[in-house]
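One structure is given here, and the rest of the page talks about it.
Each chain gets a letter, A, B and C, in the order it is written, and its residues are counted from 1.
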Amino acid sequence: MEFWLSTIMPGLLTGAVVTVSVTVASLLIAVTLGFGLAVLRQFPRVRLLNFAIDAYVEFFRNIPALSHLFILYFGLAAVGIKITSIPAAIIGLGLIGAAVTCDIYRSGFLALGIGQVEAARAVGMTPVQTIRFILSPQAIRVALPPLGNYALQLMKDTSIVSAIAAPEIMFYARSMVTSSFQTTLIYSSAAMVYLLMSLPLAYAVTRLEHRFGGKANA
Amino acid sequence: MLEFLDVYARHADQWGPRLADAAVVSARISILGFMLATVVGLILGLAQEASSRIVRTVVRGYIVFFRGVPVLAILFLIYFGLPGVGIVFDAEPAAVVGLGLAFAAQMAEVFRAGLGAIPRGQWEAAMSAGFRPAQTLFLIILPQVVRIIAAPVIVTFVALLKDSSLASLITVNELVLEGRALATEYFLPLHIYIWVGAMYFLIAFPLSMLAKYLAKRARGARA
Amino acid sequence: MSSLLSVQDLHKSYGNLEVLKGIGFDLSAGEKLALIGPSGSGKSTCLRCVNFLEKPTSGTILLGGDRVGAKAGERPMSNRELAPQRAQMGMVFQGFNLWPHLSVRENVATPVRKVQGESAPVARALAEEMLAKVRMDHKADAMPEQLSGGQQQRVAIARALAQRPKLMLFDEPTSALDPELVGEVLNVIHELADEGRTMLLVTHEIAFARDVADRVMFLYDGLIEEEGPAREVIERPQRDRTKAFLSRMHG
């Protein structure tokens, strides 16, 4: 018990700070870049751009995050582009996340009825104004609950950046195991730390769902 | 660019068969893990509607735990942690059990949503026609549920397939770990990890497209 | 005298289905024209072609002598190029189409600011004036979802009025309303007609069309079957199809 308090928990909590930092930083990249992609995708005329965005989304969504991280961290280093582990983790998870949130925002746009666009056109709004003042604010509201779910998933996914030596929770857990061999205690404590972080997030998502969920606009 | 591709041409003979063998392992743990997830998920999904409060609480707790803890932490707990209390798994079974239990929580939600989409009248009609509850479930309800959940089930499988890459971190010799071995041997990590990524993509992308198509069709059928 | 709106040889097809088979009419300033006809006759499509929410397959729309939706050399306009032309026509939809994330006042004021480029205080004042006109000023801070259908439609009318349009388009403005809410909306439209506004109106309310419109056009199967002064067409229809339609609507 004393060992748990003096060594294991402080180690895991030090890792938790990195977990939260990486989560927040990559979340910021994901929600902004993904929104930009989803908005560009709303202009149906530009075929090549649409194809490029779809290709981006499918590329990042159909390959494991671990694979992307290895390419970014080990692969690029071998050709002279060296990115240290935490920036690599943030960039990698951020780029993958942009593909995920792009799909989320797009469903948000799709949930809006054609009447919303027609009313905006009828008053003389340009396509850009229509997206900015009429569609985006509504799409973002619809997107909030799934974005919350994504944030929860992202927090868990940061565990894999231990594989590229980013010193988050699992990284500390593994390094403590090699020195103490208290495997059961350490790994169940790690699971508990994640649980303690995800429970409030999951609660917040439920609140978002109650507030914004299931209210599709005509 | 040509030079870059030339590397593949020169090494295809050595890398190809080894990555193909590793892909079989990836496929095996994904499929077995998914089967476990489906069975456990269906039981959980049905148990969520159970009349016993204890059962519902246990199921809720299971789902909260596995939704809140990363798959990697679960794999480590099973493979490295459980031996400490006398439960020893080989790496591959540990991966199957870990992926299966973790994704069972997701499958439970998929089944619950699917079952929830079937109107009560369907149960009542089947029961009044004299079907027993089990018959009602398997003959009347599940065939309808299958259509609704086909797309989310495939999406869940793709997510599990991607997460099977985490098994490399508990020493399962699947695609990513084999890739790492090759990367150290040949010192061409960029080429090798791109190849590895492409192999996942070749399986995951068509499945994702299929899921999109099925989702569209299911929406159309209800509209 | 030249007409405010001129529709010439309007055709519209969806694939093989020809919905409008050559419609033409003129509307001079201050005139009110009602389009009536059975569902599927093309009257809504015709109205929606005027501000190019539907792109006509062929034909010409002139607003104040300017070609709508096409530039020199028949080149079709993009939605961006259409925006200033649409801003000159106020449209009221069957389904209201208020923007649910904006308050009643913002629904009316936002286009005034963003499209017409007025300052916030001017837009606000104009919004309140228009809301007062449709007797919705007491709900200016409400959100659309808190309003009844009739109230929503009156706000939608205020939104269109705030564009200070040359022409008002009404696309079955009472069809989506519960019967007891129809009256309040028709009263507002009636008052606008009395102000001398130019209106093009698609409606199922035959008595209303008779009382409000100067002229009535009866569409049948994508063509004008009969047209003339409102009272005359509705009370003494000449064509068999018009008679059959009107007797069904009254019966």
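One rule holds for everything that comes next: a residue touches a chain if its C-beta (ideal position, glycine included) is under 8 Å from a C-beta of that chain, and two chains touch if they have at least 3 such contacts.
Computed from a prediction, not measured in an experiment: that's the story for all the values here.
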Based on which chains touch which, is the overall arrangement a line, ring, star, complete graph, or other? line
For this structure, which two chains share the highest number of contact pairs? A-B
Counting only Cα atoms for the centres, state how far chain A is from chain C in Å. 46
Quick check: how many Å separate the C-alpha centres of chain B and chain C? 54
Cα-centroid distance, chain A relative to chain B, in whole angstrom: 20
Residue numbers in chain B touching two or more further chains are none
Out of chain A, which residues touch more than one other chain, so two or more? none
Could you list, by residue number, the parts of chain C that touch chain A in their complex? 51, 53, 78-80, 82-91, 93, 95, 97-101, 110-111, 114-116, 156, 159-160, 163, 169
Going by the contact rule set out above, which residues of chain A touch chain C in the complex? 45, 115-116, 118-129, 133-134, 137-138, 141, 217-218
Tell me, which parts of chain A touch chain B in their complex? 58-59, 61-68, 70-71, 74-79, 152, 156-160, 162-163, 169-170, 173-174, 177, 182-188, 190-191, 194-195, 198-199, 202
What does chain B use to touch chain A in their complex? 64-65, 67-74, 76-77, 80-85, 158, 161-166, 168-169, 176, 179-180, 183, 187-194, 196-197, 200-201, 204-205, 208
